[in-house]
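Right after this note come the structures.
Each of the two complexes below includes chain A, the first together with chain B, the second together with chain C.
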Partner chain A sequence: MNLATYARRNLWRRKGRTILTILAVAVAVLIFAVIRTVVSAWNAGADQAASDRLATRHKVSITMQLPLNYSTQLREVPGIEASTWATWFGSKDPKERTPFFAGFAADHNTWFEVMDEMQVEPAALEEWKRTPNGAILGDVLARTLEVGVGDKLMITSDIYDGDWEFKVVGIYKPLRRTVDRNSMVFRWDYLNNDPRAEFAHDQIGWMMSRITDSTKSADVSRAIDKIFDEREDQTVTMSERAFQLSFLGAFAAVLTAFDLVSLVILLIMTLILANTIAMSVRERTHEYGILRAVGFRPGHILGFILGESVLLALIGGVVGVLLTLALINGVMGPYIEENMAGFFPYFQAPVVVMLQALGAAVLLGLVAGLFPAYRASSRKVTDALRRID
Partner chain B sequence: MSEPSIVTLSGISKTFHRAKEPIHVLDKLDLDVPAGSFEALMGPSGSGKSTLLNIIAGLDRPTSGTVKIAGSDLTNMSDGALAKWRAATIGFVFQSFNLIPVLTAAQNVELPLLLTHLGGGERKKRVAIALKVVGLEDRMHHYPRQLSGGQEQRVAIARAIVNDPKIIVADEPTGDLDRKSADDVLTLLETLNKEQGKTIFMVTHDPAAAERAGVVRKLDKGALQ
Partner chain C sequence: MVPLRYNVRSLLVRKVTTFATAFGIALVVFVFAAALMLGAGVDKALSSSGRDDRAIIMRDGSDAELSSRVEGNHLGLIRDQPGVRKSDGASVVGEIVVVVTAELADGSGGTSNVLVRGTEREGLAFKADGASEATAFRPEIKIISGSAPRPGTTDVIVGRAIAGRFKGIGKGQSFDLRRNRPLHVVGVFDAGGSSYESEVWGDLDTIRDSLGRKGMVSSVRVQLEDKEAFPAFRTALEGNKELGVKVQRESDYYKKQSEATAGFLSGLGMAIAIMCALAAMLGAAITMNGAVAHRTREIGTLRALGFSRLAILTSFVFEALLLSLIGGAIGLLCVMGLTLVSFPVMNFQTFSEIVIRFIATPEIIVSSLIFSLVMGLVGGLVPAIRAARISPVEAMRG
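The block that comes next holds the complex of A and B.
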C-alpha cells in the first residue's frame, strides 16, 4: 500500500456517483473535442496550404474578374516558376444528388502542374487536352453523381444559363488529405468559347502561381501587384493560406462562437466535478480528522483530495477521448467527408485536439479539487473529528 | 522510587467562544501522569474530558499554560511539527473505532507507518506483529464491514501501537461495545500497559472500564477533583 492507494480507493466508494461524474466529464470532453475538431477541420485547408504558392485576385473582390492577358504578364515576374488560372462556375447537379459542389473552369495546360496535390494519370491529362468539354472529378463527387471515366455528365450553373454537357475524362487523386474530393475541374476555353459566357469573355477569376523561393513570397506578391497597379483592374496577391482564410473570413464569428461554447462546456465540467468532490470531502471530514490525528499533515489531505479529483477527471477524459475517436473517426468523419466535402474535405479527430481535451480535463480536475481540498486540509483536527455526517 | 512524569500539564486553561460568549472548559489545571501508568479520566458530559485528552494528544492547544509530553514541550510547536510528533509518540483509540472503510484491517494498521521511512517489507512485518498482539492476524485482509465491533476496536488498537508510541490515548474505547467485547479490549489495554510498558490515558463514562485502570481521576467543571 502507498499513499495513492487511499485516493484511488476513495474514488469508488460511491460507485453510482463516480460513474455518473465520469460520464458527465466524458460527455463534456466529447462535446469539447467535437467542437475543436470542427474548428480544426474548418481551418485545415488553410493550415495545410502550400507555402510556395501565391494567389492573385481582383483587388476589390474575388467575385470580380481579371483580364486573361494578366496571366501572361504574371509569368514574367522574377521568382515565378509556374502559374495557372481558373474561373468559378457555381456548379449544380440538375438531378439534385448533391446540394452543392465546387466546379471551376481552369487552364488545361497548366492547372494540374501548379495544383500538384491533385494527381491525374498522364493518359487522363492527355485525354483532357484533346477533349474540349472534358472534365476531371474528385472520386467522392464521381460516386455521388454516379459517373465514371468516359461517361457524359450534365451540369447546370447558378452563373451561366442552361445545361452544360461534359465528358468525364479522369478522376484526380488527392495527395494531401485536405484536398476537396468533391470538386470538378473542366477546361476554361470550353467556358470562354460558349456564347452563354459572352459577358465574361477572356476573363478569369483568379491566378495561382508557384514561386521558386517560398521565403520571398512577400517580395514576389508585391512585384505582381505592382505590374497591375496602374491598370483599371488592380490585383491583390497573397499566400495560398491567406487566400483560403479569406474564404473562411465570413465564418470567423461562427468559429469564435464555437470556441466560446467549448470553453463554457469545460466550465460546466469543472462545476460538476467540483460538486462531486465537495460532496465526497464533506462526507469524509471525520475520516480526514482521523488521518490528521494519527500524524498525516494538511499537505497529505490536500494531496489525497486533489489526487482523487485529478484521477476522476483523467478517467472521464480518457473515456471522453475514446468516445470522440469512435464517434468522429468511425461515424461523423466518413459521413461528413462524403457529404460535406466542400466544407470539410478532411474530418478526423486531430491528435492535438485529443491531447488538448485530456490536458484540459486534468487541469480542470485540479482546479475543481482545489477549494474543497483547501477547506478540508485547513480544518482544525478537533473540528474534523467532531464532524460526523 | 516513583516513575518520572510522561505527561506534565501546568496551569492549563482552555476557553472556547460560542456566539462571542466565552466558555471556560479547563481552568488552571495541573496534571502529572507517571510513565507506564494506566489512568482513567471520568466526569460528567461537558466537564472537559475530551478537551483535556485532545491537549495531551497534541490535537488541541490550551489557551494558557504549558504542556510537556514525553520530553517535548508542545506549547510552541508548529502544526507540522506537532503532526510529526503525534505520529511518533501517540497512539489513538477512538470510541467509534474510526477505521477507514475502503482499506483492509492490515492497511488500516499500516496507515501510520506510511509516514515513516520504513520499506514495504518492514511495514508488513510490523503490521503482522501488531495484529498478532491484538489476536487478529487471521483477519488482516478483512475490510471493517466484515469485522464485529470488538474486532474493529482491536484493529484500531493495533493501529495505535504499530508505530510503538510511548502513550496511548483512548477516548471512550468501550463506549460502542457490548460487555464481552469491552472486557476483551480492556484486557488488551491492560496487557499493553503491563507487558509493553505503554502509558495509557483513557477517558470513560463506564465505571467498569475505569476499575481496570490503576488510577482514576475525576474532572468536573474544568478542574480535577
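The block that comes next holds the complex of A and C.
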C-alpha cells in the first residue's frame, strides 16, 4: 500500500465531509476564476485591439472637440496609411429598450476603411454614401432596437436636441471578437449640417488612423501630436485601447479591489481545507499512534496527512476548473460578450487563470495540511495511543 | 431546552476548528460589508452635494451637466420666476463643467478624469469670503487652506478629496485648460464630504473662455425660498417651451447619479460576497457535521436524559448561529478599518472620478450580521437535523 492509496482510502472514510470539502474547494476555485477572468478580460482588450491603429483626441479633455481641418493635416504625417474621424452622439433609445449603446457620427468615406474589423457589404456601403441619414448598426443593437435594413429608426441624444431620424442601410459584421456589436454609426455630415449641431459646427470628436508599420506607433504618435503642438487645441495620440480606457480611468481602482478579493477567497479555501484535515487528524490520533508503534516513522505520518490534504485540494481544484469551463466559458462568457461588449469584448477564462487556480488549490492544500500534519507526526507514540476519542 | 452554555463550551473546546470556520465567515462578511460601505460612501458623497431647496436647470434631454447647454441670457428670466429666493444674497448661479484628463501624482503614469467647474462670482462667495451663512450660495463650502479664488481671475480651488492626487492640481500648482492659459490652484476646500470635494472650482468666465463657449452655461443652480417652492418654480420654467430646459431638485439630480454608480458598485460587490458565502456556508456545514459526528454519544445521552428532538435541533442550530455570529463580529470589526481609507470610483454619469470614504451605517452593520447568521443557519441546519434524528439507544451503544 502506498501513500496515494492510503490517502484515497482515508478520504473516503467520511464521505459527507469529503464531498462538502471538495465542493467548497471547487466553489472557491470557481470564484477565483470568475474574478481573475473579469480582470484579465478587462486587460485583454489591450492585446486584442488593433496594434496598427492610433486614436487622436483633444489633449485636455475627452469631451472637448477638435477642428475638422485637423483630419486633413493628420494625413500628411508619414507612416499613416488611412485615417478617419468621428463624433460622439450620446445616443439614447427613446423607448428605453437599452440603457446604453455607443452611437457616433463618422466620416462615411473613410470610416469602414480604417475600422476594417467592422465588415459591411459593398452594396450597403454604397447605399450609405447615397443616404444622408443612413445608419449602420451592429447585429446585437439592431435586434434590441427591433430594426432591420430599410427600416426607420428614431434616436434621441444626450447632447443634441430633439428626435433624430435615421434609415438603417446596413448591419456590420464583426470580424474580431473585440468588436462592439452594440453600436451604431451614422454620417458625420448629416450631424454637421443640422442646425441643432450648430454649436459644434465643423468640429470632430476624435480621429483614428491606421499606420503602415505597427512597430513605429510611438514615433507616429509623437509626429501627429507635434503638428498640432503649436495650435490652440493640442492633441494626444494613443493606442486604440488606451483611448477606450481613458473614458473609464477610475475603473482601475475597482479592479485592484477585485484582485484583493480573489486572494480573500483563496484564504477562505485554505481555512476550510485546514479545518477538514485537522478534524480528520484529530479523529485518527489513536490510529497514527498504532502506525507509529508498528514502525512507521514520523515522516510517514506527515506524508500520509499531506498527501490526503493535497489530494483533496486537487480533486476540488479539478472539479472547480470543470465548473469554470462550464459556467464561465459556456454560459457567462457568451452572454457578457453579447451584452457588455463595450466593457468586455472577450470574456473567457484564460488557460493561465485555470492553471493558476489549480496550482493555488494544490499549493494551499499543502499549506493547509502542514500544521495538523506536523502536530500529528511529532506527537509521542504513548500520548497518541492514550487518546481514544 | 439544552442549556446554551453547553454550546458555548463546545465551541471553546474545539478552538482551532471554531476559529478556522469563524474566520472564514469573517472574511465573507468583510467583503459583504465593504461592498455596502463603498455604496454608502458613494451615496453619501453624491447625496450631500444636493439640497432639496435648490434646483438645477439643464437642457431638456441631458442626463448630466456635462452634456447640457443652457443659454446664458436665460439667467435673467430664471431669476424672475416664482419661488426664487428674493432676500439678500445670490439665488441664481450659472455654471459650466468640463472633465479634464489628469495624470496621477503617484508616478504610476495612470490618468483619470477630473471635473472642473466654473461658477459665477456669487457661486464662489463662501463664508470665508465674508458672506454670512444665510446669504452664501453654498454655505457648505469652506476654504481649509490657502485662499478663495478671486472672481474674474485664473484662480481655482481644489476639493480636499483630490488635493495633491493629480499632477498640477495641488495647492500652489497650475494646469492648462487651454494652451498657455494656466489655471492657478490657490486653495483647498471642504464641502462636508460631498462629491464637490472631488472637483476643481474656478471662475465661470475664465473657464468658459478657455473652452471657447462664450455665453453658454452647463447648468443653472437656483436657491428657492424653501423646498415647497419647487413645484411652482418647475411648472413655470418647464412650461416655457422656448427655453427647452428640465428642472430638477438638486437632491433628485444627485440621487440619480448615486443610484447609477453606487448601485453598480455595491451590486457587483454583493454578487461576489454571495458567491464567497457559498464557500463559507460549506465550511460551516463541514464544521457542524464534524461536531455532530464527534458528539454522537453525547447527543444520545442528552436524549436519554429526556431532552426532546426539538431541543437537540435547537441546540445545534444555536451553536451554528453562534459560530457564524462570532465570525460576523470579527469581520465587522476588521471592516471598520476601511472607514479610514479613501477610494476612487467613477461617476458613470460624468465619466469623472470621485474619491469617497467607506461609510458604515447601522443598516450595514445589522445586515452584515444577518448575512452571517444566514450563512450559519444554512450551513448548520442539515447537521442539526441529523443530530436530532440520532437514536439514543444506538448512539450510546457506540
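Methods note: the second predicted complex is superposed on the first by the 368 of 389 C-alpha atoms of A that agree within 3 Å, B and C clash if a C-alpha of one lies under 4 Å from a C-alpha of the other, contacts with A are read in each partner's own complex, and residues count from 1 in each chain.
Quick note on the criterion: a contact is a pair of C-beta atoms (placed from the backbone, for glycine too) under 8 Å apart; a residue touches a chain by one contact, two chains touch by 3 or more.
Because the structure is a prediction, the values reported are computed rather than measured.
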Residue contacts on chain A - larger count, chain B or chain C: C
Chain B versus chain C as contact partner of A:2, first or second or both or neither: first
Partner chain in contact with A:185 - chain B first, chain C second, else both or neither: neither
Partner chain in contact with A:279 - chain B first, chain C second, else both or neither: second
Touching partner for A:261 - first (chain B), second (chain C), both, neither: second
Chain A positions touched by chain B in one structure and by chain C in the second: none
Chain A - residues contacting chain C, complex: 14, 16-17, 20-21, 23-24, 27-28, 30-31, 34-35, 59-64, 90, 156-159, 161-162, 199, 231-234, 236, 246-254, 257-258, 261, 264-265, 267-269, 271-272, 274-276, 278-279, 283, 389
Chain B-touching residues of chain A, taken from the complex the two chains share: 1-3, 5-6, 9-10, 12-13, 286-287, 290-298, 380-382, 385
Parts of chain C lying in touch with chain A, wherever the complex brings them together: 16-17, 20-21, 23-24, 27-28, 30-31, 59-64, 66-67, 69, 98-101, 110-113, 176-179, 211, 216, 244, 265, 268, 272, 275-276, 278-280, 282-283, 285-287, 289-290, 293-294, 343-346, 351-354
Chain B to chain A touching residues, read off their complex: 54, 57, 59-60, 79-80, 83-84, 86-88, 92, 94, 98, 100-103, 107, 110-112, 114-115, 159
